[in-house]
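What follows is a set of structures for review.
Here chain A shows up in two complexes: once beside chain B, once beside chain C.
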Partner chain A sequence: MTTVWAGLATGAIYSLVAIGYNVVLLASGTFNFAHAQLLMAGTFLAYTGAVTLGLPVLPTLLLGAAGVAVVALLEERIAIRPLLGRSDAHGALITTVGAATILDGLAAVIWGREPLTVPSVLPDEPLTLLGGTVRPVDLALIALTLLTGVGLHLWSRHSLLGLASLASAEDREAAAARGINVRLLGTGAFVLAGAIAGVFGLLVGARTYAVFDLGHSLALFGFVAIAIGGSGSQLGGLIGGFATGLVYAFAARYIGAEFPQIVVFGVFLLILFLRPRGLFGAALERRV
Partner chain B sequence: MALLAHRFRLPIALLLLGLLLAAPAAGLIDAYWARTVMLIAILSLLVSGLNVVLGYAGELALGQVALYAVGAYVAGYIGVGLGATDVFLALGAAVLAAVAVGLVTGIPGLRLGGWSLAMVTFFLVILVPNLIDVFEPFTGGTLGLATAVPTLFGAELTGDGLYLLIVAVAAIWFALVRNLLLSRHGDVFLVLRQSPILASVLGVSVYRLKLLVYVIGAIPAALAGALFAMLDGFVAPETFTFALALSVLAASVIGGSTSVYGAIAGALVMQLGQQTLTRFQDWQLVIYGGFLLLAGIVFNRGLAGLWHDGLAAARRRGLLPKAPAAAAVAEGEAELGTLDGAVLRTEELEKSFGGNKALQGVSIEARPGEVTALIGPNGSGKTTLLNLISGFYRPSGGRLMLGETEIGGRPAYRIARLGVTRTFQTPLIPKDMTTRAFVATGRYATHKVGIATALLRLPAFRRGYRADDAEALRLLRLLGIEETADRPVDSLALGTRRLVEVARALASRPRVFLFDEVGSGLDESDLRVLEHAVGMIREAGGTVILVEHNFPLVLKLADRIHVLSQGRLIASGTPAEIQADRRVLAEYTGATDPADLEPAEPRKGGR
Partner chain C sequence: MLSVTGITGGYGDLRVLREVDVSVRAGRITAVLGRNGAGKTSLLSAVAGLLPSVGAGRVELDGRDLTGLPPHRRIRAGLALVQENKRVFHARTVEENLLLGGYALGGRGLRSPARRAALEQAYERFPMLRERRRAPAGSLSGGQQQMLAIAQALMPGPKVLMLDEPSAGLAPVIVKEVLAMVAKLRDEGLSILLVEQRVEQALEIADDVAVMEGGRIAASGPKNGFDDGAVIREIYLGRSDERLTTGKS
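Our next item is the complex of A and B:
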């Protein structure tokens, strides 16, 4: 059971990345490769807030949320906005990888290349729960991730703003014709995704350390979560992330320390091969 | 003069290559520069592989570094572990291994398109240290693997010999990839990058072609790996980092991804930059990222693009002789000849999207030598019907027959190969291609010239290429737009683009033509040319299905008209009959009072 808790806690981080991908994807139709780097930035800001500045928890969270939201806003302005309205869809493949690389590089320049320990805000004694042990901070991470994912799912299905965002991801021009401000919506999605990543910086950092290349593995496992859950499905991404975390934890526990990534890669290839739209994704038809 | 420069291009290139090959032996460059040249050659192989995938097929493959590792370790291991030190064996084994890895990752990674391949290949790079660990008995793990001295026909290859080998392998690769990309295959790769939908209308299986391109792109990476292992005599995991993957990507966009030799320019800039600007090491990632952003947003054609623009400008100002005009071909009267039209029939065809029934029980028949028009208000299902016929949608019910063959539900490229072609509401026009080359891609599936034939520039290639060009030019002349042949096709105006699409469609000698809103946005003179073209196809015996809003145009062109409304066929008949039909009038004028309307029976299929 301890392995299950470990898997769920790691999986929560992957779910968070998947949630961030989906927030932007659903509102603007762009896949933001750099989202994992936003989460990485969140862990560093949490370190700066909690350790360097010695702030209490709430201001640290606010610092993270505001800081990463600003980074996300800048990314949207520089790397995404200039590409809107171009005929070929490949631009964002390059520019978001570029943005991610710049964020990696800046983090390395500002905070160095060594991992930094982000302090845990909750007591460190492990709890015994359902026959396994789990740190309170990990439990909080799991619970808050679930809450965020389910909340975003309900919001996107039932609120006017959420529906507007679904509509504009489906067809920008038609949505704009209905009076939806698709640009503002796209920018808003980046800011929201950034703020969420920033708020979670403290909890994620407590589990992973703050390190400049954290984004690489998070981007991959977040994408595996999307592949399992089907792109554009918040619930799917949530479940996909937890599933990926569990596969990872069990592979590490029962096969060997070198293998979890290889096993996840195998699962990833299988899913792409057998269910390319994800386990929860519906088949879409192409339009001319 | 111009012709001379053109004719002696190959000898000049060979001379320069010979000079480069002889440079260290002749004492022109010292060991440091010889090593630099070798590193640039190796990096340019890596970049070239990425260019083929990214610049031509439009897929981002980040895994060049992983394939580089595969090449290095395979070549290293068979030398040390199996005693096979011959360079040809090493290079061959590396290529085989790369093809295997390419297939294993490409088959799942290309199923969806978009980011899947990028992520699968990115994952592969991140896995490299893991895999080196797991296969420690073969790879030496974190300690690395010292390789054996390479041999050629039993003689040890070191120093200048190795230099010759590395530069020669790179030169041969670039010659081959040039032959591939500057052929009809390269043109079709460009179509694939721009629009997979258009590629499938050309009869190309998008998935298979992307897989092929991806696997081709894996080959130079493995060659580079094997050469690197020979050069350094040692292979260790630290070489194969994600930072290297990013520098390959940056070199590709700096040089220009959609070019053959841009890879060399990009590799040169990147390698020299890394050697000279060592104090910027800390900022390396930021600089790579900046290149990617810049290239993605402002100058996405790279150094190769600047070079071509510069050449073109110099020619305009008369500083350079003009490029020789392509030889005129195919004199004589432009005629369409006869087309082998086929009957296209739908029987009770249905299509629903979720609960929305877009088409219900539609039965029509389009015959050779006739123009069959589909009309109806927006949302009545006309384009849905076209998409069903061309295979972009699967029917939910009913049958779709081409002659005696059931085609409903077959993939678009198979239907295209059976002789169904179409145009689009918004013409699909690729970039970086002349009009003539684009029209010639229409013949890709029907008049195939094999890849090996193109790679080696065999006589069959030249024959096929000449025939394609002649046919394209003939069709352009037929449509009265011969003068656009050597212009970039994406520089043309809308009306001309539609005519180019017609020419592209005709190039495959199809049996059934689908025209989707071919008249919209055209002025009077363009419309007349188009009417004439449709008339010619009908005379030649082709089957034409026309979707059109312009009612007068339809009345003029069509032999039979089918009227759709809300997914149902409400009337069918000759233009005169349709004109007299009050229900059709009601649909078009918006008269809704049922008292105005006679209970007209739809004259389904009646003739």
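Our next item is the complex of A and C:
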């Protein structure tokens, strides 16, 4: 059971990346390859708040949310906005990868290349739960990720803005013709995704450290989570992330510490072959 | 009511509208006719603010200048557009589609009093939609989807309704039903800009006519000026510019 808890805690981080991808994808039709870097920025801001500035938990969370939301807003303005209205539908794929590279570089310049320890906001003493041990901070990470994913899923189906976001994902021009401000919706999605990434910086950093190249591995596994769960489905992304974490943890435990990545990508390929839209994905088609 | 003057625009460098003038009188239907590729759909897109590039021209609604406004502000000002091919949100239910149609209405929350009242009105006008309210819009028949698209556009209580080929892809009996609904909306006082391929049916319900050719208005005026069908035949079957000028009313 300890392996399950470890898998779920790692999976929660992959779920967070998938949730961030989906928030932006649903509202603006853009796949933000830099979202994992936003999560990385969240861990560094958590370090700055909690360690450098010595702030209590709540102000640290606010610093993370506001800081990463601003970074996401800047990304949208610089890497996405200039491309809107252009016929080249693939431009954003390139510019968001560019944004990810710049964010990696900036983090290395500002905070250095060595991993920084983000302190745990909860007691370090592990809990015994359902026959396995888990750190309180990891349990909080799992629970809050679940809450965020399910909350976003419900919000998208039962609120005007949520429905507008789904409508915009299905047909952006038809959504505009219904009076939805699709540009503002897209910008809002970047800010929301950034704020969520920032809030989770403290919990994610406590598990991964704050390190400038964190985004690389997270982006890859977040992408696997999306492929498993299906793009455009918040519940799918949530479940895909946890499933990826569990596969990783079980492969490490029972096959060997060198193999989890190979096993995860084996599952990834299998899903792509058998069910290319993922387990819960809607068809979000891209016109080429 | 709606006045469009000198609209020029297109897609990037491709210019598909050239100094187009068209107007809709209050409580009347203006039918825009023309062959495929004449620029009819682009004209509606330009009026709705959806055409990527509009170089010149002016769009006025009730004397208010809408030129340059983004689409959502034009909808709030009283324009509504039913796009070609029944562009409803297929993955969403009928009721969600209608609520999204009421996006521009005030009030917080998905089911604000204003949106609930508009929803009730839509169900009264289209009882079939109430019966299918929980069904995904994609599961409706073509005619039902067209009715849903019209009901969706009516949700914010527009002053001018623009319809792009509402009969496209529908069985003849359904076409009759849809166009009868359009005429009924006009009789209730709505101003309508109708783009339609089926010339005869469109002329049956139209009050004014504008014929487009190559991105320009080739002829326009009250319907009785087109009663002998000569100008329209020339447009569809080949023409001489001179003949068209004389046909212009």
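Going forward, the second predicted complex is superposed on the first by the 281 of 288 C-alpha atoms of A that agree within 3 Å, B and C clash if a C-alpha of one lies under 4 Å from a C-alpha of the other, contacts with A are read in each partner's own complex, and residues count from 1 in each chain.
The working rule: contacts are C-beta pairs under 8 Å (C-beta built on N, C-alpha and C of every residue); 3 or more make two chains touch, one makes a residue touch a chain.
Computed from a predicted structure; not experimentally measured.
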Side-by-side fit of chain B and chain C on chain A, or clash: clash
Which of chain B and chain C A:117 touches, first, second, both or neither: neither
Contacts of A:158 with chain B and chain C, given as first, second, both or neither: second
First (chain B), second (chain C), both or neither touched by A:183: second
Touching partner for A:171 - first (chain B), second (chain C), both, neither: second
Partner chain in contact with A:128 - chain B first, chain C second, else both or neither: neither
First (chain B), second (chain C), both or neither touched by A:52: neither
Chain B versus chain C as contact partner of A:31, first or second or both or neither: first
Partner contacting more residues of chain A (chain B vs chain C): B
Listed stretches 452-460, 560-568 or 596-604 of chain B, narrowed to the one that overlaps chain C: 560-568
Shared contact residues on chain A - chain B and chain C: 87
Chain B partner contacts - residues on chain A that touch it in the complex: 31, 33, 78-79, 82-83, 87-88, 90-95, 97-106, 108-109, 213, 216-217, 219-220, 223, 227, 258-259, 261-262, 265, 268-270, 272-273, 276-277, 285-288
Chain C residues touching chain A - in the complex, by the definition given at the top: 11-12, 48-50, 52, 70-72, 75-76, 81, 83, 87-92, 96, 99-101, 103-104, 109-110, 152-153, 156
Interface residues, chain A side, partner chain C - complex: 85, 87, 158-160, 163-164, 166-167, 170-171, 173-183, 282
Residues of chain B touching chain A in the complex: 54, 58, 60, 62, 104-105, 107-109, 111-112, 114-116, 118-120, 122-124, 126-127, 130-131, 133-134, 193-194, 197, 242, 246, 249, 253, 282-297, 300, 353, 383, 386-387, 390, 392-394, 424-425, 431, 516
